[in-house]
Structure formats: C-alpha cells, structure tokens
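Structure first, commentary second.
Which chain is which? They are A, B, C and D, in the order written, and residues in each are numbered from 1.
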Amino acid sequence: ACGSDSAGGDATASDDGSITMGFAQVGAESGWRTANTTSIQDSAKEAGIDLKFTDAQGKQENQIQAIRSYIQQKVDVIAFSPVVETGWDAVLNEAKAAGIPVILTDRAVDSKDTSLYKTFLGSDFVVEGQKAGQWVVDNADEADTDGDGKINVVQLEGTTGAAPAIDRGEGFADSISADPSIKVVASQTGDFTRDGGKQVMESFLQSGDHIDVLFAQNDDMGLGAIEAIEAAGLTPGKDIKIITVDAVHDGMQALSDGKINFIVECSPLLGPQLMDLAKKVLDGEEVEPRILTEETTFDQAQATEALPDRQY
Amino acid sequence: MERNEMTQMDLESSESGTRVPADRAPVIEMRDISITFGRVRALDEVSLRLYPGEVHALMGENGAGKSTLIKALTGVYSIDAGTVLVGGDEHAFTSPAAAQAAGISTVYQEVNLLPNLTVAENMLLGREPRRFGSINVRAMNRRARERLESLGIDIDPTSDLGEHPIAIQQLVAIARAVDVEARVLILDEPTSSLDADEVAKLFEVMRRLRDQGVAIVFVSHFLDQVYEIADRMTILRNGALVEERMVAETTQLQLVKLMIGRELEALERLDREVSATTADESGTPVLKAVGIGRKGSLEATDLEVYEGEVIGLAGLLGSGRTELARLLFGADTADTGEVAIGSSRRKLRSPRHAIDRNVAFSSEDRKAEGIVGDLTVADNMLLALQASRGWLRPIPQATRNQLVEQYMAALDIRPADPTALMRNLSGGNQQKVLLARWLITQPDVLILDEPTRGIDIGAKAQIQAKVAELAAQGMAVVFISAELEEVLRLSDRLVVMRDRRKIDERPNRDVSVSDVLEIIAGEARSEQEEGDRA
Amino acid sequence: MPETATLTQRVLRHPLLWPVLALLVLLLINVLVKPNFFDIRMQDGHLYGNLVDIVRNSAPVLLVALGMTLVIATRGIDLSVGAIAAISAAVACTRIVGAGDEGALTTAVLACTYALAVCIVLGAWNGFLVSVVGIQPIIATLILMVAGRGISMAITDGQITTVRNGWFSDLASGYVLTVPLAFIIALGVFALTALLTRRTALGMLIEAVGINPEASRLAGVRSRTIIWTVYAFSGLCAGIAGLVIAANTNSVNANSLGLWIELDAILAVVIGGTSLAGGRFSLTGTLVGALFIATLARTIPNIGIPSELNYLFKAVVVIAVCLLQSPKVRALFRVHRRGPSVPALAKGAA
Amino acid sequence: MSAATASPAVSLWDRVKGYSPPSRFLPVIATLALFVGLFALGGVRYEGFSDPQVLLSLLIDNAFLIVLAVGMTFVILTGGIDLSVGSVVALSTMIAAKTLEMGWSPYLSMAAVLATGTLLGLLMGLLVHYFDIQPFIATLAGLFLARGLTYLISVESISISDPTFTKLAFKTVTFGDYYLRWTAIIALATVAIAAYVLARTRFGRTVYAIGGNESSAMLMGLRVAFTKVGVYVISGFCASLGGLLFSFYILSGNSLHAIGTELDAIAAVVIGGTLLTGGRGYVVGSLLGVLVLGLIRVLISFDGTLSSYWIRIITGALLLVFVVVQRFATRRQP
C-alpha cells in the first residue's frame, strides 16, 4: 500500500477526459480516518481526478444521501467507506441503474448481489485481531510478566457495535484460544479514544489482579492506557505487555520507545490505490473483486526503523 | 326586589341563628375541613353550606383561606380532614375535571387561562362544538362571540387571549365559567379589576343563573358588591370559620368586625385634602411625557407629573390607562414621543432607564408580571432595590432584615415569614409584597396600576393612606384603579381616558363618579355626532 | 428527645439527601462487588486508589456542569460545551506545540490563557444569540455545537495533536498535597462560583430571571447582561474542562474530546436537584451530581459489566435515581405525614 | 397584527392586498420562504440541483426524520422533550431485523416494532406525569434503555432480506420521470394526520393548552394526565414508525443506527417555529424544519469541495443565517 504506485499516468476514459469521483466518507472520528481522507484528497489531486467529497458525520443515512446526490450530479465513479456492512442495496441499485460504477473502500457491504459494486479495497479486521493474538501465543513466555504460568489479558474494545471492534475482538479471541494459559480477564469499551482507554485502564489496574498483557483495539486507547499504567507506578511494555492495532505515528513512537510491544498495521493510505482502481474501472479493465491493502506488523526494532518516514 | 323577599320568606330559623331555606337541601356541604401546608394551617375545621338558588359570599381578609377552601372543594388540594357532601352524598373530588363533571364551574382567583390560545378556545376548551368528531371552528367562534356579546365584551374571539389586558382576560374566564350548565358556580374575586359597567353586567348574569336555581359562591373585597348581590355569607378569619350569616341582617360595620376581629377605625374616611401647592403646577414636572404613543394601543398623549401630587387615571376597560403607564415606565417602547424625567429627556427603551431615574411601576398583572413565584417573600421584596444596586453590591444582611421587617409590618403582610415562597402567599398578600418592592426603592415617581387589586378592605385603607402619606412627603404618584371612587378619593388631578387617548384633565375638586362618567359619555356622544355628520 | 428529632427531620427534608443517598448506594454496590474498592495507598508521593480516580475524573464534568447550572437557572441550556471544550484544548495544544520552548511553564500558562479567552468569547457569542437576537437557547447553542467541532478540527487539522509539557500535563495528572490538581481546580471554580452567586446578589438575580423573566425585567433586572454573562461563564467552564481533558492524555482529538459531555453535565445538574425549567439552583447538588456521574463511569468497568450492557445499566441507574428524587415516591416513604397534594401547581407558577 | 377587519365597502382586491397572515403563522411562513430561498441559491450555484428529483429525494431520504419530528412536535408543544427517539429508531431496526431473522412474519414483525416503541413511550409518559420526573431525564433514561436493548438483541448488524420488506422498501410512485418512495408518502400522511389531530381534536387542543400553562389547563378541567402521557405515547409510536421507515430505507438492524438523531429531530421542530417552552407551533413547520436541515446537507454534498471540518463549520453557519433571518422575519413589535 504505502504509496507504492501513486502517480496515475495518462488521462483516462470519460467524455472530456476528466474524471469526477464522488467520495462519501464516514466521518472524521479519528486520526486514522483523517489520514485516510487526506490520502484520498491528495492522491485525487495528483491523479488529476475531480473529487467530490462528503463527510457523513458518522451516519449511514447521510452517506446514502450523499451518494444519491452524486448520482444526481452524474459523477463518473462513486467510492465510499460504508459505516456498516448492511443496508446499501437500494442506493447501489440506483447507482447501477444510472450506470455509475461503485468502489468500496475500507469496509465491505454484505450485499448478495456482487454486481452492485466493482471492487472492495481495504483491510481485514479479523486478520488484524488474529495477528495480535498470534503475537501473544508466540511470545507466551515473555508475555507472562509475573511468571505464574498464566497470562492474564485485559482488552480495550472499540466502540461497541462498530465493525472493527467486533472483528478485531473476534480475531484475537480466535488466536489465543490456541493456548489455554492465555485468558481475557477483563474487557471493556474505551470508545477508540485515549481518554476512554485511560479511564478504563485505571479501573483495570485498581482491581488488584495481576495483568500480563493489554490488547488495545487501536493505538489511541493503548496510548491512553500507557498513561494510566505509568500513573500506577508500573512500566508499560515491561510490567504489562501492550499490543495495539493501527500504527499511527504516536503509536509507532511509543513502540519505538519500548512502551508498546507490538503493533498490527491498519493502513489508512488507500488514496493512490483507489485512484488507480477508479481509472482501471472507467477504462473497462477487469479488477479483482477484493483487494487487500498491504499491511504488516511492527515490533519495537521495526518501528524504530520505520518511524522516520511514517506519513501519519 | 321581589325575589329577595321571597327568599326571606322561605327562610326559617336554624339552631345556629342563621336561616336556611327549609324546603331545599344543600347542593354542597363541607364539614370541618382542615388543610395544612407545611407549618401553615390554612383551614381549620371550616364548614360551608351551599343551597341552590342562592348567592353565597365567602368573606375574609387576605389570607383568611377563601381561595384554599374553594380549591379544597374543587379537588385542587386534597383535604387533610373533614368531609364534603355533594347532593347529600359524601364525595371528594380528586381533580378540577371531576368537579366540573359534577357540575361545579369555577373561576379561580388568578386568571387561569391560556395566553397562547384564542379567546374562543379559552372559553370552550374541553367542550368545543364538534362535527363528526372534529372541532367545528366556525361554530366555536360563533358561540364564543355570542357569549361574549351577552356579557357585553366586544373583542374578536379569534384573537390570542394573551393580547388582551388582564381585565378582559378576567371577563373571558367568567364567560367560560358561565357558559356551562352548572349546578354550582364559584367566582373567586371575579371583579377585582372590572369597572362598574362590567360588574353590573356580571351581576345581571349571576342573578339570572341564581333564579334558575344555580348555587353561586362569590368572593370579593368590595363590600358594596357583596351587599348588592349576595344572600348569605360565610365569614372566615385566619383559616377558621367565624360565622355563617344572612347578608341582609348584617351591617357593613358588623361584617368588617367579624372579618378582622376588631373595629376598623377610619374606614372610608380618607378625606385627603387636595393639596394646593402641587395642584397649581408650578415649577418643573418630575416626569413629563410629550406626545407619547404606540401604534394600536395608545394615541399620542401628553402628561406632566409634579412632585407631591397624585394623578388619577380614570377610564373604562381598555381605555389605555395601562398602556400609558407602561410607556411612562419604558415597559413598552413608544413609537412616538419621548419622556423627560427630571432633567434628562429621552426615549425610554427599557424599564431600567426609568428605574435609574427613580421611577417605579407596579403592574396590574401580578401573576405574569409581578411575582417571582419560586423566590422567597424577602427576595421578592428586595428585587427591585437589588437590581438597581447591581449584582456586585448585595444588600447587607442587617439592612435586608430591617427593610423586610419594616415593610412586612407596615403593610401587614401575612404570614410574616420572609422565607415563605412567594407563590404560596394569598393573592392579596402577594400584591402587598409587590407594593413593598417599589416602596423600598424610594422612587420619585411611583406608577401604580391597580395596586389594590384583590386587597381586603382593611389593607386597602392602609395602602391608600400610605399613598397619601408618600405624596405628602413629595413623591409623585400615578394611580390607576378600576374603582373610580378610589381614584377620586386619592388623586389631586384627574386624567380621563377613553378609546386609547386622553380626553380630559382637570384638578380633582369636587369631581364625582357621575361627573367622570359624564365626561366619558359626553365624549362618546360628540364622537357619535361627528360620525353621523360624516 | 426533641433535639435529635428535629435534626433527623432536617436531614430528611434536605434537598441534597436523595442525591447523596444515591451516590452512597452506588459506592456501596462497588464495595460489595470489589471489597478493595475503597483502598487508598500512597504512590510516588500522592494518593492512589479508585476514589482518587473518581474524584479526579469528575473534574471535567463538574466544571462543565457548574456553568450549565447557571445557564439552566436562567431557563436556558448550553449544548455547545463539548465543542467549546474541544476548541479550548485544540487552541492550547497547538499553541504549546507551536511555541519555541514546548516544555516551559510560561508556554503552558500563555497557551491556556489564550485558549480560555477564546472560550469566553465563544460563550459570549452564545449569550449574544440568546439574549440579544432572541434565538431559543437550544438552537443558539446547537449552532456552535455543530460548527465548533469543525473549528476545533480546523485548528488541529483533524490530527491528534500530542503535547509534551509537564506543566500542562499536571492539570490532569498533577497532585497538590497528595490531592489531584484537576479536582482542586474544579473545586476552586466551584468555590468561586458559589462565592460569586451566593455572596453577591448574582444568584438571586439569575434565579429571578429564570423564574419570571418578564417580572424581572419590569423590576429593573439587567436580564440581558445576566444571560450574556452566564453563557460566557459556561464557555469559560467548558474551556477549563477541555484543558483538563486534553491534559489527561497529553493530546487533543478534536473529534472525540468532550463528545456528549453536555448530556453528562445536564444529568449532573438535574441529579443535583436543579430543575430544567429554570429558577432555583443548587451548586452543591451539581457537585454531588458530577461525583455521581464519575462514580457511575467507574462502576461499569469495576463491576465488570460487559460493554454491550453499559447502556442498560445506565438506564436502570438513571431511572432509579429519578424515582428516588420524585416527590411522589418520597411521599411513600413518609407515610405518617400526608401533605396536601398540589398537582402541577408547584410548577410553572409564573 | 391580526387579520385586517375590512368594512363591506372595501373591494375584494383591497382585502387581498391588505391581508396579513395571523402572527401565529408567521414562523412557518418565514421558514417556507427561507427554504425556497435556500433552494434557489442551490439551483443557481450547482448544476443538477434544480432538478425536481432533488426535492423528491429530500423527502425520501428524510422520511423517517419527518415522522420523528412529528412525534417530537407533540411532545415539545406540551413543553416537554423526547431524547429517546434516536435510540428507539435503532431498536426498531434491530427488532425488525432480528424477528425477521428468526422467521417471524413481516407483518407480525412490524407490529412488534410499533408495539415496542409505543410501550416505551407510554413508560416515559408515566414517569414524566405520575412521578414528576423531568422529561429531559426520563427520556434520557429512555435513550439509554432503548440503545441498551438494541445491544442486548445483537451487537453485530443484521441485514434484512425478507421479500416483503425489500418489496416495500423499493416500491415507488412515479410522476413522469420522477419518483417518490412510498415511505415518503407515509411520512407526509403522518404529517397530515398529526396536523389534523392538533388542530381539530380536543386532544390536540389540550396539547397546546398544556404547553401554554399546565396548571391553568388542569384548573380548566382538561384531561391533563391523559394528554401528557398521550404525547409521549405518540412520540414513541412515531419513533418506532420512523424506525420502521428507516428499516425499509437501510434494510438492516444495527445498534449504531441513528445516534444523535434526536438532536436533528429537535432542531427541525424548533427551526420550524415551535417554541421549546411549549404552546406554539405547527407540524407543518417541523416538516419544513426537516427539509431545511436536509437541504443544507444536500447543498454541501453538491458542493463537494469542502473538507470534513469545513462541512461542519458551514453547516453551523447556514443554520445560523437561517435562524437569524427567521428570527428577524418573525419578530413582533418589541
């Protein structure tokens, strides 16, 4: 992913040569999302695509309205990050009727009629959770910080009901089930925010039970939790091992500083790939129905290495 | 009158000394009713008997418990002890709706209508004429118009109630109450802001209903009105029953004594000397309005107010007295003209401008524009003074106590508890607190719009005496009252208004009520002629 | 013993009885589930324990609720507090990051002062819309609620801005004499508010305006100025709260900072016994209410309620507290004294 | 101020010319005028905006919000407020999705949705009236409760594939080239019925009476208790009906649906000229309020060049301009 093949070559299809893309963003609920938006806006400019952008402020109905207005404006291609998987058939059918191709980014829709969209570009949250869990399984010895043979994990969940929260939790549980000594002793939502993560972690720490590992479903909650851990007089990364998802800049910094032990990347930089796909679709080229973003994982050493050219 | 004699003949002595109609059973009988609010025993074993076809006056000073008794009967308050018999059967109402359903129609003391709805809706809410289940607005407006006309009220039934002055609202409330076929009609101070004409019309209606066999409870602080209309009366004092009596067998003096528990000296004897020094209009006026007016409510009017004089504004309902007072105070902004107070001359934009120049104004609508119900009596009293000092300079505790105590005593406010909540005071006592609010600011000009509204006879004399005293000390007073006698008794100069403009101004020397009515009527006649000529 | 009798009576009649009782019950539940809930120990020279956390975490809600109490007393409501908090944090953090010496005390002080000044202006803007233009408070403040988030995002460019300034961080995590600084600040604002409203005439005038605006106007109360001031104060309080929240994580996320804090604050005010219809207010009640909300937030992870049941639990607690406060339910407790029922008359006396 | 009372000599034309609408309709008229102005602005600025389908889409997209606003109008007219509607929408979609998944008949499922919302409304109404709990708090508890029940049913979203539902969802009424979904027609019908109930039934007039002054209404012997509980029942019903329309719109049940929608509904009602203190306002105003909010969103997506934060700022600014202009247009003589 990370900006490999950015510049789009010669102009493509469409009557007057210019392409108009309507993009309906979910919102701007996190740094991750903002990076995603910026990436799309920047690469559209770079690729010479005229971008119509709407922020649905977290509401599916707003997103649907935006898509509908793109149909009325007769844009060449519509792309959007669905807030939820369900409920898109109606508006996608309208787009299909109007002959406008649709590309999904970041998250799939569960429509049975796969002709409603051309392709889906994005990460797999379940896999992210699995990678995080796998790390605990692989590093079981190190993760058992008090050496009692049992690994007590606490989990900071994302917004209850949100797809990444559900899937990452699922993936994580899936992986750690391989090792019976690993157990999630407490799990509570921190709403994907630092403040939420800190407050919930404070409470976990007060409970008196030993905590070996913290799995935070995004970097922000992990960063908040680090503050709570430090305030409790413990050393994050040593007394409590920390795993997070996303790999935003602050998270990578903490990882490189040794306060986090492992981060699963979830890249927001979908812009270049998206513009590429849009051009291919409009040129009538065949595209894969499912394109995974290239994502990796970082341990502390890798983070130190990667940090200098992190874009977000 | 014929009917009165008949009533007299039907009566026979009962053991208590009062007489009741022998051939009729009471429609309502309240026995030993007690109600306690916190520490206040508002009613203490009070009994009341109501017979069909009588007007029964409920008498007592402010705070005696009249309104509470009425609310106890109609299910607003639940009763602590005692029984209510309706048509001989024990029956306690749990809500005003239940009382209405049983044929008891009530006008409560404060106007309890809805300013956001039209006059017609206010009159007929809950019993609108319907066609196929939906309200027939035309029929409703027609019926409302008829009822208003029969009471001699000339207003558009489709206008919002809130646009009308309090007196009109009171009439609408009465119109609503008499519109139903009721067995019992209760009127708690219905006449407190009505002028003589309106009162006469109301009495006409009351007589007609009485003759149809309706039992009417009537509360008023105007003894003359009571003597004119009522057959029997029940007298309360401090929440306790004093006596039930025939009106015809009680002199006014006796009645007052029963109400207040002692002889009232100097009743009706406020022979204020029209002061020569002020009436000659020498010197500069403390307040001078030039061509002040407001579209739709007052034509351009001039008025000068001199130190130490009482100006009485006389006129009929809706003649524009209230509007003039409000413009003088800046409560409404004038469209034309300006007001000069002392040396400064400007368009008043807000009451503050006036207050800063030592003008005070007490509104006629005490519920909506006077009391701050959830604050204490003390806070209510000191509100205006505090507001003019600004929030940063609170009144020192000692001064507070001293002022509150002083005015509570001076105006005889009951209960004499500065921490009581304003909304729990009886209507008359609230009015006294509002008066105290303005007296405390020691204004140069005091504008009083219906200051004696709902005030008992003793307190009224006190307030009148107070006004006279203040004027003697140099305060200028603008006095408005629906009761012409009162205006005439107090004022040095008389301003007569009609149809939203000033039609006459003269020193109050030997002017009588009929003179004033003559002035108003004369004006009407000349207008009539003009109209005919055109 | 008549002495004790009147004392119990006074306690029973005290308006704060039920909020305090509710708080105690909530704490009791916590202790029953986790017996070590009340444990407090010294940690790095300051107190450490659940109660300390609760007190510290209550600071933002308490601050916002203090301003909200006064706004509500004037019959208003301020929905924009969350957005103002976000703007405050955004301004302060970007200033600190942009300053030459990021870690210096003066940097922190200057940045915070600047941020709070902005918040006062924003609050005054709300006050202007309400008192001068005459827009209904809920809409007037809704405008800033919507736009304010955008403004704070524009300031931070939508990124989470992280600051490294020990002094700033101390706003949330510092301790003075072993007590969390955040709570001391909130208490300080509380004391100041109480002083300003109860030792001067401000409180009474605010209540008068809230109960009967027209009567107050005719009595010469400067209701415009009062309303204006109260909204500006609410803005200031929200601004301080924003700083505390940002300091708590040494970062500002313009999008989530202070999100829905207005609901928590209003809830705190109401639990404290102040009516949303305006008029009489109780600052102490608000204090108890804010502590209640912070305790509730801590109770959920402490007794291990699964995330998906959070809302249900909150619903049950809110309903329980409201029922406790309801005069009707209270009347059931006082069986022997059957007072007269005054249906609806108590309300809307104006 | 009020309608001119013309003397018989005055010609009809003069009367038409001199006609000024009663001041109580002024806010609604101002809202309508501003809505038209806003629409014209969009038409001039953006290509494709003046297409009538834009207006019809506005109705389709906001059908559920219109229904919510109708229920909210009843509550606000009594001086109350209902914060629970957004959560009830989410709960409704979830109940519909779950019951359909469990194989219920679609009609039974719809009935279950409507019954749940109505029941929740009833509960809140009882809390408000019989326990004297402030509406804000009682319905905030309702908000938590409904959202909590949604999570209880399922944390994950469930999609609706029931043929009856999908058929209903896609059913359209066409006018030449233009079309309207029948959900929008239901919403408009709800507005019409509500307008009738408020204007022409005793219940409706009592709603206004309670908003004017509750204690006066009580003293006038009106059915205060019934009406006050009734408005919350209506609001609960409307919320679940809105939820049903939303289910058709989105064909899925999700616990994160409609977060914060109560604010949209309240804003729409207030923008439509209803006083939050109760007693004054019309459902037609609320309909216009919803359309204004929707139009602002459409304007912004037609523009399409704004970044996330500018979208919020401009939304706020447009709202500001709107309410300020409306305020001055309806200002009565001070």
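Just so we're on the same page, contacts are C-beta pairs under 8 Å (C-beta built on N, C-alpha and C of every residue); 3 or more make two chains touch, one makes a residue touch a chain.
None of the values given here were measured: they were computed from a predicted structure.
Two chain pairs, C-D and A-C, are compared here, and C-D has more C-beta pairs in contact (counted per touch definition above). For the pair subunit C and subunit D, the distance between C-alpha centroids works out to 30 Å.
Each chain gets one centre point, the mean of its Cα atoms, and the points for subunit A and subunit D are 35 Å apart.
If each chain is reduced to the centroid of its CA atoms, subunit B and subunit D end up 43 Å from each other. Residues of subunit C in contact with two or more other chains: 153, 158, 308, 310, 343, 345, 349.
For subunit D, the set of residues touching two or more other chains reads 151, 155, 213, 215, 218, 307-309, 311-312. Each of the following residues of subunit A touches two or more other chains: 27-28, 34, 37, 160-161. Pairs of chains meeting the touch criterion are A-C, A-D, B-C, B-D, C-D. On subunit C, the positions that touch subunit D within their shared complex are 75, 79, 129, 133-140, 142-151, 153-154, 158, 254, 263, 266-267, 270, 275-277, 308-315, 318-319, 322-323, 325-329, 343-345, 347-349.
The residues of subunit D lying in touch with subunit A in their complex are 46-48, 51, 53-54, 57, 61, 64, 151, 155-161, 166, 169-170, 246, 249-261, 294, 297-298, 300-302, 304-309, 311-312.
Across the interface of their complex, subunit B is touched by residues 1-2, 5, 24, 196, 199-202, 205-206, 208-209, 211-213, 215-223, 279-280, 333-334 of subunit D. Those residues of subunit D that touch subunit C in the complex are listed here as 127, 130-134, 136-138, 140-142, 144-145, 147-149, 151-152, 155, 213-215, 218, 224, 263, 266-267, 270-271, 275-277, 307-317, 319-320, 323-324, 327, 331. The residues of subunit A lying in touch with subunit C in their complex are 27-31, 34-35, 37-38, 157, 160-161, 186-189, 191-195, 198-200, 202-204, 206-208, 220, 223-224, 227, 231-233, 248, 250.
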